[in-house]
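Just below is one structure, and these are the notes that go with it.
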Amino acid sequence: MTSTAPPDTITRVVAIAEQRSRRRRLRPRRLLLGLAGVITILAIWELVSRTGTVDPTYLPPATEVLARFGVNATLTGFWIAIGQTVASWALGMLLAFALAVPLGIVIGLSPFLRKLTRSTVEFLRPIPSVGLIPLAVLMLGVPLQQSLLIITYGAFWQIFMQVLYGVADVDTVAMSTARSYGFTWWQRVRDVVFPTMLPYLVTGVRLAAAVALILAVTAELVIGTPGLGQQIAASRDAGLYASTYALVLATGALGVVINLGVRAAERRLLSWHQSVRGEGA
Amino acid sequence: MPPENIVVAGHGRTLPPEQTLLSVRGLKKVYETDGGPIEAVRDLTFDLGRNELTCLVGPSGSGKTTLLKCIAGLLEPTAGEVVLDGRRVTGPPKKMAVVFQEYGRSLFPWLRVADNVELPLKNAGVPKTKRAELVAEALDSVGLSHVPRSYPWQLSGGMQQRVAIARAIAYQPEVLLMDEPFAAVDAQTRADLEDLVRSIRERLGVTVLFVTHDIDESVYLGSRVIILSSSPTVIQEDLVIDLPDQRDQLETRALPRFTELRHHVYEQIQLAKRGFRPDEARVG
Amino acid sequence: MPPENIVVAGHGRTLPPEQTLLSVRGLKKVYETDGGPIEAVRDLTFDLGRNELTCLVGPSGSGKTTLLKCIAGLLEPTAGEVVLDGRRVTGPPKKMAVVFQEYGRSLFPWLRVADNVELPLKNAGVPKTKRAELVAEALDSVGLSHVPRSYPWQLSGGMQQRVAIARAIAYQPEVLLMDEPFAAVDAQTRADLEDLVRSIRERLGVTVLFVTHDIDESVYLGSRVIILSSSPTVIQEDLVIDLPDQRDQLETRALPRFTELRHHVYEQIQLAKRGFRPDEARVG
Amino acid sequence: MRGTLKAIAFTLGLPIALIAIWYVATLGATSIFVPKPVPLVAEFFETWIGDRLLTDVVPSLSRFALGTGVAIALGVLVGLLVGLSRGVRAFTEPVFEFFRAVPPPVLIPVLGLLIGVDDSMKITVIALGAIWPVLLNTIEGVRATDSVQTETSRSYGIHGFNRVRYQILPSAAPQILAGVRQSLPIGIILMVISEMFFSSSGLGFSIIQFQRRFAVPEMWSGILVLGLIGFAVSMLFQVVERRILRWYHGLKDLENAS
Amino acid sequence: SSGSPSGAPAESDPAASAPADGELTPITVGILTIAPSAAVQYGVDHGIFEEHGLDVTLQEAQGGAAMLPAVSTGQIDFGVGNPLSVLVAASQGVDMRVASGYSFSLAEGEDINAVVTRVGEGVESWSDLEGKKVSVNAVNTQGDLTIKGSVEMEGGDPGAVEFIEIAFPDALAQLDSGNVDAVWIPEPFLGAALAAPDKYSVVGYPNQNALPGLPTMVTFTSGQLAEEDPELVETWRGAISDVLEQVNADREGFGEAIASLTGMPEAAAMDLRLERLSGELDPQLLVDLSALAAKHGFVSTEPDLDTVIIP
């Protein structure tokens, strides 16, 4: 515990704070670069299809799919499907978050609980959510609940593991400081563990958000819960390739939007943190 | 030394219970590492009186930080015990503040300077207006009233260290443990802070244990200097500083007795560094 | 002061090019922060001669670390320039070693002590046997030959600091920048290390820029002391230390001239802390 | 000896308690869809110890190993490149986010077209899914390297590949390994999913077959196999992690426990 | 505008509970999103079930695996799915009952599913499939069962055919790229293949060949419901037979229903070649199916068909 600073906490938070103030200035350039990345990929796709490297029947060119995507955007059914997917995604995430964060902190802070739960956690974690479908169908009548179980199960582990790692990364001197000032358990969690863990948690939420979206769509594909996945399955079965890809594109776009949201929430979260404290002083 | 205090070679002074605030008895700390155990502290016994300001000096690596952490209840001693106000210390006691040697890591980088100072008060349930007052006062006393809204990593080393000191002062502890708290500040600031610590002791009745490498400082500050041997550590000498209670940066330091005392401490540390050990000396 | 050196109020001494190793010209550094710009360094101009040992003192937060980082090519100056050996510094120059104020964070926690010291040598392509020799020698010279296999975080603060010093020494640089390198070590070790730095300068012909808060140290160590004003920083005084070249911890410090010089430095720092600024003084 | 016993107690304690609860809870159940512990274990030995081990489990595992191996190597490599350059990060982020959000089941047909339907497609699917935790964590870990360490490296002329090797990688290692740890179970999950398509053998394929044939105990025993594989992989990983991060655990273990 | 990208209804509208004279019995019916299932949708849309006193809620499922457990626990009252799954489930001890017939492959002429290969591949007869890679949508279902049956009938070794699972929409693509040697596909993919005779050739119609007139879908329910409420089962049989009859008479209306359920373009739905739809079921067909399944190891023990088929 005497020591050199590890590559962690303090520096990590500092690095992130520094990045943040830099990021603000570079916004337009970032956006342009991001756009360039997207256009590059679309161009490659277009080429692969137009030149017949892949049979255009099964992989229609990007422009065609984009056109289809544009048509979709005018359909109410498309937006309803998106709404349904997003609703089950959001509910699943909320559940996973509400379960994973407190559990992760409590278990992460107690070496006893950590050791006690490790084998069970490692056993349960790799069980594919998809394998739970029969169980879900059996236990829960409503399709929404079935997909919720699958989504929550999948997203839970992402957040939970990141929280465990984040808690383990708390700086020893910072923790000693808190203890020496007589912080209660709860105060230590709130004032030391939580801020340290935040960068880990945010990565965890980003990972979980993607996993939850994947599972929401997969559940719709497999169980037939209404939503984007069901639409994909239906157009695939009907042999409508352009439409299928347009829907896949929509799924990916939804993922990008969700990530942007999480990013914005991340900024809000930290600035909330700082501004509230700031007013207090 | 006053006759009521019993001193054994290799041990510090012990006091009758009614005068004692903190007593350390047979303290031993061995770090278990992959490369075998490291005996940082072998056997320390001494008492701190109420409202005393005691300095702790010793060669680098002699276990001063280790001792402080044991007293603060942050490290479990391998043997022996620390008793505070009649109760054995097992975890961090209330109303004790520690200024860590690693000041940089001890500040929370996600909080601004004022918030760092305020946090312990907030957690202790001090009301808001009182808190604001204490924070402003503490920052002012360390000369940082102009940067309350900066983040710690935007400050220079010395400024960071002063934030840590301000946090400890604002907390208004009964016991204050300071681990080389002035290592990163300039000479003038150092002098000011020395006087600040002295005045806080007087004003608030705090008991202070102060680790320093500056020999002048150790003699100037307190009423006692405990000199540690090199590792594995025992007490080399427990020296009473018989300078007048009223001290002044210029006058006190100019006293012949001051020079004598600092010379004595310096020699002891040289001895310690060369590996002299009072326990073995006794046997040999 | 020797007549060939031109000194302007608020500027340091400048030298004719052939004697100069490092020159700093009109250096200014403004940190951009969310809360507006912070002008850390306003205008610094001075030269370091070859194989000189120059000390840098100044109030806490006056921009010493900032200056060092600009010289080391780690920070981009807002205005002005640093020229090393005739070439403008834009990135970290070769054969320059820096001992950082935050010694703890500057060591790699995943490497053992000896490996930390060895890494820059390995990276520079020094052959293995030569490396082992340099590492052992450097660790020995800072008194750490007994802990090569420990991790940095298993060491005390002072020991960590000495590892950082050993790393710089083993690297055999031409220019050595040291930012309060002895802040965490005890008085005796400090004295030993001071003599070590002096002997290295003589033996290896290194040019040293040494930041310290210890006024005695600044006078004892080098041939010059640059005193910085408080922030935003200019040079308050560029003082030549006209003590005999052969120094000795006891004898030199006992010289009346030594006492005079340290008194002078102390007063200048007090002035600086109170906000005296030579540039304004000139105008007013 | 006592240490080992204690470790065993910790490892088995909670699972045994959970199995006991499971046993009691399913005592009265009659539906064939409800798995029971005792028949499950019997089924496990009957189903998996024998031919299947060679025809299904081993090929699946080797695909898993290859896929996650590729994911880890690529994730770290790309993560370093992206993490070290703000421009590249901005360029790639939306594209990464897009592919991350596309469910593998809908990507598989495209991959089938591009790569074919043999093992290399399945390995690609596994790698594509398992790369994200490693990649994101590497990027974040690289971004967050200590500024003083970086300055130290720079001032000693440690740059380029050497800086990556001596400073960036070790300092990001805790976070990279956190990513690897996340990616391992995802690899297992994708091993199963990839065998749901274009497939005729493998562990995941068998489980789906059991599920379709209503061979419920066999199906659950397959899920048990997955769990056991996950457990074994994670134990293996922990040994590796302990070795690589010895310094980090020493640094953190001492006092965080509170 | 309204509508959805796949053309399918965004939500499966529960039948408007018309204020009929008698009390309507609410039931949930599980269907797959494939063309023949649209008949049930047609029945709902045209109020045929209501005439029989049933208030039908549709639940779409993506496969028998998801539907059968729901039927067995009573969350779905009647399912429409393939008979082999029902037989397999029954042989595993799941109490499933076949309530009625639904759709049948054609006993003669061009069947609605076929094994297709590339022209010039050298696969001309069933026995040529030996040692080849053949795709089916799912192994251990009617596709590979009847293909194996056909190969055996021609004296070939059914064990030598290698089956691989490829979803119907991807099958032709994989055939094109040479990843498989033959594919088993139904309409509408079969129609697409037949439209390019220079590219694809039909090896044969396995359903028709192995078990002429094989039921491709039946309706089924749980043993519990069959025993507790035989009247409901009776009503259901009557209703579904009625629905299928009306569908057969109204090809245009059925086409619309198909387009709306599957999202196919309406023109394609109109041209789609369909199975024979009928509520009547000849038990002998299931007996033969069961025997073939047992022969090729698809079920370990033959289920007791006297119980499984509700007389």
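Order of writing sets the labels: A, B, C, D and E. Residues in every chain begin at 1.
Here, a contact is a pair of C-beta atoms (placed from the backbone, for glycine too) under 8 Å apart; a residue touches a chain by one contact, two chains touch by 3 or more.
All figures in this text were calculated on a predicted structure; none of them were measured in a lab.
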| item | value |
| --- | --- |
| Rotation angle superposing chain B onto its copy chain C by C-alpha atoms, nearest 5 degrees | 180 |
| Chain pair showing more contacts of the two, A-B and A-D | A-D |
| Centre-of-Cα separation between chain E and chain A, whole angstrom | 38 |
| Centroid distance [mean C-alpha coordinates] between chain D and chain C, Å | 50 |
| Separation of mean Cα positions, chain E and chain C [Å, integer] | 84 |
| For chain D paired with chain E, centre-to-centre distance based on mean C-alpha positions, whole Å | 38 |
| In chain A, residues with contacts to at least two other chains | 1-3, 5-7, 11, 14, 55, 58, 134, 138, 176, 179, 221-222, 232, 236, 244 |
| Residues of chain B engaged with two or more neighbouring chains | 33, 65, 74-75, 101-102, 104-105, 149 |
| Shared interface positions of chain E, touching two or more other chains | 65, 69, 73, 167, 169-170, 173, 177 |
| Residue numbers on chain D that touch chain C, as the complex places them | 146, 148-149, 151-152, 154-158, 162, 166-167, 170-171, 173, 247-248, 250-251 |
| Chain E residues touching chain D - in the complex, by the definition given at the top | 64-65, 68-69, 72-73, 85, 88-89, 92-94, 138-141, 162-167, 169-170, 173-174, 177, 179-180 |
| Interface residues, chain C side, partner chain D - complex | 69, 72-74, 91-92, 94, 96-98, 100, 102, 105-106, 108-111, 119-120, 123-124, 151, 153-154, 167, 171 |
| Chain D - residues contacting chain E, complex | 31-33, 109, 112-113, 116-118, 196-200, 205, 209, 211-216 |
| Chain E-touching residues of chain A, taken from the complex the two chains share | 55, 57-58, 68, 71-72, 74-78, 80-81, 133-134, 137-138, 141, 143, 221-224, 226, 230-241, 243-244, 246-247 |
